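Letters A, B, C and D name the chains as they come in the text, with residue numbers starting at 1 for each one.
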Amino acid sequence: MIDKIVETPDEALRDVQDGATIMFGGFVSAGTPSNLILALQRRGTKRITGIANNIGLGDKLDVLCEKRQLAKFIATFAIRASGGRQSMFEELYRRGEVELELVPQGTFVERIRSGGAGLGGVLTRTGLGTMVEDGKQTVSVEGTEYLLEKPLHADFAFIKAWKADRMGNLVYRRAGRNFNPIMATAADIVIAEVEQVVDVEELDPERIGTPGVYVDRVVQCEPVAVRWDA
Amino acid sequence: MIDKIVETPDEALRDVQDGATIMFGGFVSAGTPSNLILALQRRGTKRITGIANNIGLGDKLDVLCEKRQLAKFIATFAIRASGGRQSMFEELYRRGEVELELVPQGTFVERIRSGGAGLGGVLTRTGLGTMVEDGKQTVSVEGTEYLLEKPLHADFAFIKAWKADRMGNLVYRRAGRNFNPIMATAADIVIAEVEQVVDVEELDPERIGTPGVYVDRVVQCEPVAVRWDA
Amino acid sequence: MPDSARPAGLSRELIALRVAQELREGMVVNLGIGLPTLVSNFLPPGEEVIFQGENGVLGYTGISEEEFDPDVINAGGQPITLGPGASFFDSAVSFAMIRGGHIDVAVLGGLEVSEKGDLANWYLPERGGGSIGGAMDLACGAERLIIAMSHTNREDGPRIRKECEFPLTAPGVVDLIVTDLAVIDVEPEGLLLREVAPGVSPEDVQARTEPRLRLSPDLREMQL
Amino acid sequence: MPDSARPAGLSRELIALRVAQELREGMVVNLGIGLPTLVSNFLPPGEEVIFQGENGVLGYTGISEEEFDPDVINAGGQPITLGPGASFFDSAVSFAMIRGGHIDVAVLGGLEVSEKGDLANWYLPERGGGSIGGAMDLACGAERLIIAMSHTNREDGPRIRKECEFPLTAPGVVDLIVTDLAVIDVEPEGLLLREVAPGVSPEDVQARTEPRLRLSPDLREMQL
């Protein structure tokens, strides 16, 4: 019988090694695998290349900067207008202790999808005529120029869903989807933090957002409270 | 108040002109807009470029061959091993009266998605080393060769869903999804045939498969009975 | 620097109200972070404008005052209320919608706009970095791009310039600029001053705008 | 043409049974139209193999005998039964799964296979045309590709050839060939005969195979 449930976030991260490339689902408060991020902090894994929509002030991922666990980060939001305050990430970035690759959000998700779908990359107009095109190949299709953006793939994806069954089928809740279903397709090992584990008969086949075939481990956690202060 | 409901399939097709390019959702018996196809037959529109997964023996689309309404068809299934029987489409194709572009199914759906998502095309390994690559550009990404497959876009998409509301939000049923949600993104005018029109409050926001912003017209029809005989 | 005292100009709320007048029933509209977020507050009651959040929501109606639900937010991370016919989807679907030209109007904030419609709004020079978020995709993908911003920067220098000095978000994309002082169309022939804020003269606006403005034959005071 | 009478070989059902032996619990498997469809009938009871239909279904268990539901079909258009944990999705998601290497095993029918693992199975020479369907994507995308077919064509000529004569589905993709006469591995060094059907000799197989077969040191009769 297929059973992908593991007991604790720490056990779920058992083979995450120094130097790993890790995708993190979530968009600010929605669908962020906070318990897995905290377990990664406890584990102390070093020289991580992180891939997530946002890192910075108020983001759970900022905790990975406390002990300088990050070597590089690929994100769409990183340095934000936020008065005088700055995140630990911003501080490390300023000191040159972490590398940052800033990507337009549509390109970001499409590069991940491309990595998960075996495609050679993304042909997009976004970023043309801006700093984003620096050093990149362009391809002309019927007289129109497109930027070639390369696929993203990772060793691990840490994602968050609402419900799961033992087969790893995931159901998301509202705007908790965001990058989670896409990242689940683009990593060697996919670890899902969920609020509830239910019997395999309980999930409606019409509502499954990530089929279990993409998921390697499922861990049930009390959601870490997130508050919004803009 | 937004209201996209029209009374009859014939009214829904009011501006479909000779020479139109039309996408048709559906995979054999599932999610096929049979009532819209029959209305198109009644309308007698000529020189159509059709885009659909399958045309041939037992397919509703074959009726468009009775009065030679098709100039060209882009499909993944067209000529099938089926004993001595042949479809009207196959007969016309053999006589050179309709042009056929055969596409691998993954490339087919990805080209449509690309057309709907403003991308410049698809970079895929599928088709390399086969007749499918003839005359096409290849692009090298980090030492691997990919075939560049161009986006598909249409004047109209005829799609089929289970339920709709007045805003054009669509809910699909089981394997009735197939090409419908993707085609809904890639045509100037999208016409949806549905089994039920319900109040706008009745559709679960988590279950909407095509948001109403993609849909121009909705028509409620008694499903045309389809039988499976392999 | 302009040679006269800066006129008061509109509040952020009134800029949002003026932008809201550009929206019509049935339009699909994305509101950027900051000032643009306020636009949803100023729609005529019952007018069905469909707001999209690029984080994967369609059909929200405004900012929620209810208890915070971390999964019901817009792209600014703010809690939102849902209208009838709302739906949720993932980020790939969301940006396919944006890049594929299915957003009728995007309203974004701006740091600088050039007379050719170039937009700069992602790089924060004072911080030596920035965030792109969905801005580049929205700027390229939306059918119509409205920039809502203060007419001048903190030093009272012009934000509407011959060329942007800051790194671009996208070249040649802005259709309409709504500021605290004026409403300006970006046209192939250059910038066209269509409306001025109450108490503001065309000369006041020109004095705080680097490129030459053409005056619309129908130039008028904003109706607020 | 071979110089001896053709041995009887396995029925379609027994070929399917032999293919089923290659599957393990937890594997994600796509069964092509025709003979491969029969494979799901021959799994040990309770073994959770997850069958994918490229039309947008995962977790079906077999062909249904119940009343026909037009929306519950596999890629062959056949009515299916659903197992626990089944799910539905659209064709873009389905082919992202196939092309992205998330299908462990695809079982397809074949017209010809070359000694380099080239597959030809979409073009029907007798009809002057064909259908590609999902075959090219499955052939390129699946982690392991098993071809289930009759060892010879209608004229008793070999389907396993030095070079395919028919238009290719994909070059260099086949891992294992299961026919009514034999089980053959496609290896970088060429074809390796692993098993023969009951009552069939290695010589019988070689006589009906164009390229030279190497004999596995563990060559044995199929266990059915």
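Note that in this section a residue touches a chain if its C-beta (ideal position, glycine included) is under 8 Å from a C-beta of that chain, and two chains touch if they have at least 3 such contacts.
What you see is a predicted model, and the numbers here were worked out from it, not measured in a lab.
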item: Neighbouring chains shared between chain A and chain B, ordered by label; value: C, D
item: Interface with more contacting C-beta pairs, comparing B-C to A-C; value: A-C
item: Relative to chain B, chain with the most remote C-alpha centre; value: C
item: Intercentroid distance (Cα basis), chain C paired with chain B, Å; value: 37
item: Between chain B and chain D, centroid-to-centroid distance (C-alpha), Å; value: 29
item: Whole-Å separation of chain centres (CA-atom averages), chain C against chain D; value: 57
item: Per-residue multi-chain contacts in chain C, two or more chains; value: 88-89, 95, 99, 141
item: Contacts with two or more other chains, residues of chain A listed in rising order; value: 110, 113, 117-119, 124-125, 173-174, 205-206
item: Listing of all chain pairs that touch each other, if any do; value: A-B, A-C, A-D, B-C, B-D
item: Interfacial residue positions of chain B with respect to chain D in the complex; value: 27-31, 53-54, 56, 76-81, 86, 90, 93-94, 100, 102-107, 109-110, 113, 124-132, 173-182, 209, 223, 226-228, 230
item: Chain B residues touching chain A - in the complex, by the definition given at the top; value: 110, 117-125, 139, 141-142, 144, 146, 148, 150-151, 173-174, 205-207
item: Touching residues on chain B, where the partner in the complex is chain C; value: 1-2, 113, 115-119, 165, 167, 169, 185-186, 200-201, 203, 205-206, 208, 211-214
item: In the complex, chain C residues that touch chain B; value: 25-26, 28, 46, 48, 50, 52, 58-59, 82, 84-89, 95-97, 99-102, 141
item: Footprint of chain B on chain D - complex, ascending; value: 53-57, 68-73, 75-79, 88-92, 94-95, 98-99, 124, 127-137, 140-141, 167-172
